[in-house]
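Structure first, commentary second.
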Amino acid sequence: MKILVAFKILPDDQDIRVAADGSLDFSKAKPIVSSYDANAMEEAAQLAKACGAEVVGITVGSSAIDDSKVKKNALSRGLDRLVMVADDTCDNLDSHATAAVLTQIAEKEAGWDLILCGDGSADNYAQQVDVQLAAALGAPSVNGVTSIKLQDGCIVCERALESSIETVEVSLPAVVSVTPSIAEARVPGMKDILAAGKKPVEALVLETDLSASVEVVSVKAPDQASRACEVLEAGEDRAIEKVAAAIRAAL
Amino acid sequence: MEERDFDIIVVGCGCAGAIAAYVAAKQSKSVLVVERGEFAGAKNMTGGRLYTHSLRAVLEAYADGEVDWDDIPFERKITHERMSLLGTSSAMTVDYTSEAFGREGQESYSVLRATFDQWLFDLAESAGCEMITGIAVESLVKDESGAVIGVKAGDDEITAQVVIIAEGQNSLLTERELGAPRPKTNQMAVGIKEVFALDSDVIGDRFLCQKDEGAAMLFVGDCTHGVVGGGFMYANKESVSLGLVSTISEMEKADTTIYQAMEDFKHHPAVAPIIRGAEMVEHSGHMVAEGGFNMIPRYVYDGALVAGDAAMLCMNLGYMVRGMDLAIASGRFAAETACEAIDNHDVSTKGLSSYQSRLENSFVVKDMKTFKEWPETMERWDSMFSDYPQMVGELFDTMFVVDGTPMKPLGKRMFPIIKRRGLLKLAGEVRRALRAL
Amino acid sequence: MTKAMVIAEHVDAARELCAGARSLADEVVLVAFCAAPDNCADRVAAVEVPSGCALDDAYATLIPFLEEEGPEVVLVEPTKRMKSVAGRLAAYMGTAVITDVAALEDGVARGMYYGGVGQRDQRPTTSCAMYTIQPGVFAECVPSGENQVVVLDWVAPAAALKVLSTTPIEKKGVDLTKADVVVAVGRGFGSAEELQVAEDLAASLGGGVGCTRPLAEGADLMPAETYIGVSGLVVAPKVYVAAGLSGQMQHMVGCAKSGLVVAVNKDKNAPVFKQCDYGLIGDVATVLPALTAALS
């Protein structure tokens, strides 16, 4: 069995600065694995362990994602190898175009049974690439999945919808997007990291025609409601009383 | 020798660790570096001035011309030294600049650890070291005889012929695993630092420096509310580093906390105009050893060497802290010793003992010895940090304040101020201090 | 003559999106997986999902209908299953859905980027514009129409999902979107017992307890439907107490419209202190009981 995990590499939002003109400054933000995709990797690693499958990480992005540290980090999370398209024309693709490039990778990795996606990318959180990818590959897909059971030729997934829990059977090959609760992302250990340095990474040449279906008009920091920010040591004289009074006044 | 995963494991990728790893890898040893920060420099702090002589020596010996000095991410070359005695709202400043400051081998630069440590990390990695980040070594692996043979974190153990411990100040590994004594609070100072973003030209203007050049400013007196310690301010490319260092035991007795002292310091008339309008972009706190030479612990063990701050190789002179150049040199010596010992098939304390002679014959231990008495002198010399700065302020006030009241001759105005402090006491203290320096 | 299509699975969303569609287009077609609201569209396609089939698979039924209708704009309710249907339709049309739109003006959709760190305006460049729309965007608009019924026969896709069971989630406790006081707990709480102090404070003020996402997913200390933020609930109580949470944007966008925001955190540098009216530096285990006592 072969499991692909689609994960995104993007700038760490902890290090995005807001410039004086309200634009976002990414210059200090290092590339990291999109946080909820790490849960998908862990689930893939656990499924693979249970049935002896191979796990291949697949990702698309600008040339900045071809970074030794982030590749090693991804590979230390239970992947056997990594296949990527790192091309500057693939920076900030929309979900349709992203799926098209991922399709190129998946077709090269023919014979896969399952593609796992995360709950959504940390930047777009569109929850669309998984569905678009399934459509492009002609495979069934299911989202919001909180548990996966492998069966003969199919999987049984539990999914969390807004007001119900649904159990669905999905025939393989299939694309599944999982929520973070499916498996806690591992904190890679020293041996995971050392082994990661030796795992194969393949960079494919982009062979997909890309056309954007969405144009970004502007990105800026939102106006924040200005708040008083009166911060007190809780042990300070009368601090609690002061806050209690403010709460009473607000009700 | 026993089969091990690596020849050398280095714990910590600060100045000492990165250089140790680099030097060992350059001698064709297999090296693993384990760094706790998500990236090198993530949590490190320093005042920010590097005396470059020891780094230059390492590169001269090992880099084969591969490293271009101009590619090292220094901030500014320090060409001005300023010392200020601060009263509550007064300051007397001496500004010194000399051509000697810029001469190759003597020059110093301001640095920011986030970028400088990244460079050190890349240097080690490009020399072929295996790098692990985001993991703290939790304990050492030992054999039946008690010799160190590796490191442990989580469930993973990795072994090596020699482990170089370069985990910086407050080294838990040497304390818990090797029995090094825990420093007393009067042997430790705490440092806090804030970094303020400022336009490069504005920095040049406010520090009165040429482009790419900067000033080092040191402060004594009111900045620590009269407690032993001092303040520093360094000009970086596009930011200013401002901080305070103060002895923990003394600060505990003081009328304030170091955080409050920092707030007041920022508003002091000698400081406020320089950082006016600048946004604080980073703040950090860290320990500094200040016991000096008398505090250096054992740093050679069976299968392990200790380098840099972890071995207390750091000099706190009150008005300045110097440790990075010592860390770089000790990291180099540790690696050279370890490589030699591995080649000689003896990594016991005895096989590694030349580390001690290397350190003792170098500036590292010699400088620390020269300043051996200083920490104690400083501790006893309260007035240096409280009375005198205030006194100097009052003296200058009497000289320069003109308010229309008829003036007495200068000598008559100044004498009572000095008398209050005791002339003889002052002279004695200065003599003692000079001897310690 | 412009045409808009609305796809929804809940009546309230169907009504609001139809009203919005009416403000954008001359003709409105509704695809409803629920009872259609009265007088809201020109045509209403009712799709019956056969038992054992998944609503997600309705895309196979809708693709020919979409092609036949050829709308310029498609507005979709932002639920998991609808997002899945919309994605399939978009893939078929060769476009991408702009999701979780918070404002729509002249085709330019405003939404969040990095969970609220940024605000992004986007515009579709394809002939069919598809959006999922957050509730409230068209609250001011009024729906109209004859509701002419169109019946679509279910078309199963090639590899259909099989629904084995569906269990409704029982929502317990206070409706946080309507409460005057919300006490939100974060990873500063390590166990169910520790949560008691938050529950006591909420109870004493007649409010409810919400949480950050890691507490509901991963830590599993709180029910999934109680987490607040970009991917969870959006609340606007009179008083929001943010306790033991760091104040990441992804969380704070869920409570930005609250009246008074009080933060309790033991780390004085926690970002939440820059987004509160009052901050108390201290341990939740002692500060919350002290607040409860001071308020009683």
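A, B and C label the chains in the order they appear, each numbered from 1.
We take it that contacts are C-beta pairs under 8 Å (C-beta built on N, C-alpha and C of every residue); 3 or more make two chains touch, one makes a residue touch a chain.
Computed from a prediction, not measured in an experiment: that's the story for all the values here.
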item: Chain whose averaged C-alpha position falls nearest the assembly-wide average; value: A
item: Pair with more cross-chain C-beta pairs in contact, given A-C and A-B; value: A-C
item: Whole-Å separation of chain centres (CA-atom averages), subunit B against subunit C; value: 52
item: Between subunit A and subunit C, centroid-to-centroid distance (C-alpha), Å; value: 19
item: Distance from the mean Cα position of subunit B to that of subunit A, given in whole angstrom; value: 41
item: Subunit A partner contacts - residues on subunit C that touch it in the complex; value: 54, 56, 79-81, 83-84, 86-88, 90-92, 94-100, 108, 112-126, 157-169, 171, 180-181, 205, 213, 216-218, 220, 224, 230-231, 238-239, 249, 256-257, 259-264, 268, 273-283, 286-287, 290-291, 294-295
item: Parts of subunit B lying in touch with subunit A, wherever the complex brings them together; value: 32, 34, 39, 130, 132-135, 151, 153-156, 158
item: Residues of subunit A that touch subunit B when the two form their complex; value: 30, 69, 187-191, 193-194, 197
item: Subunit C-touching residues of subunit A, taken from the complex the two chains share; value: 13, 16, 24, 94-97, 99, 119-120, 122-128, 130-132, 134-136, 138-144, 156, 159-171, 174, 179-181, 184, 212-222, 224-225, 227-235, 239-244, 246-248, 250-251
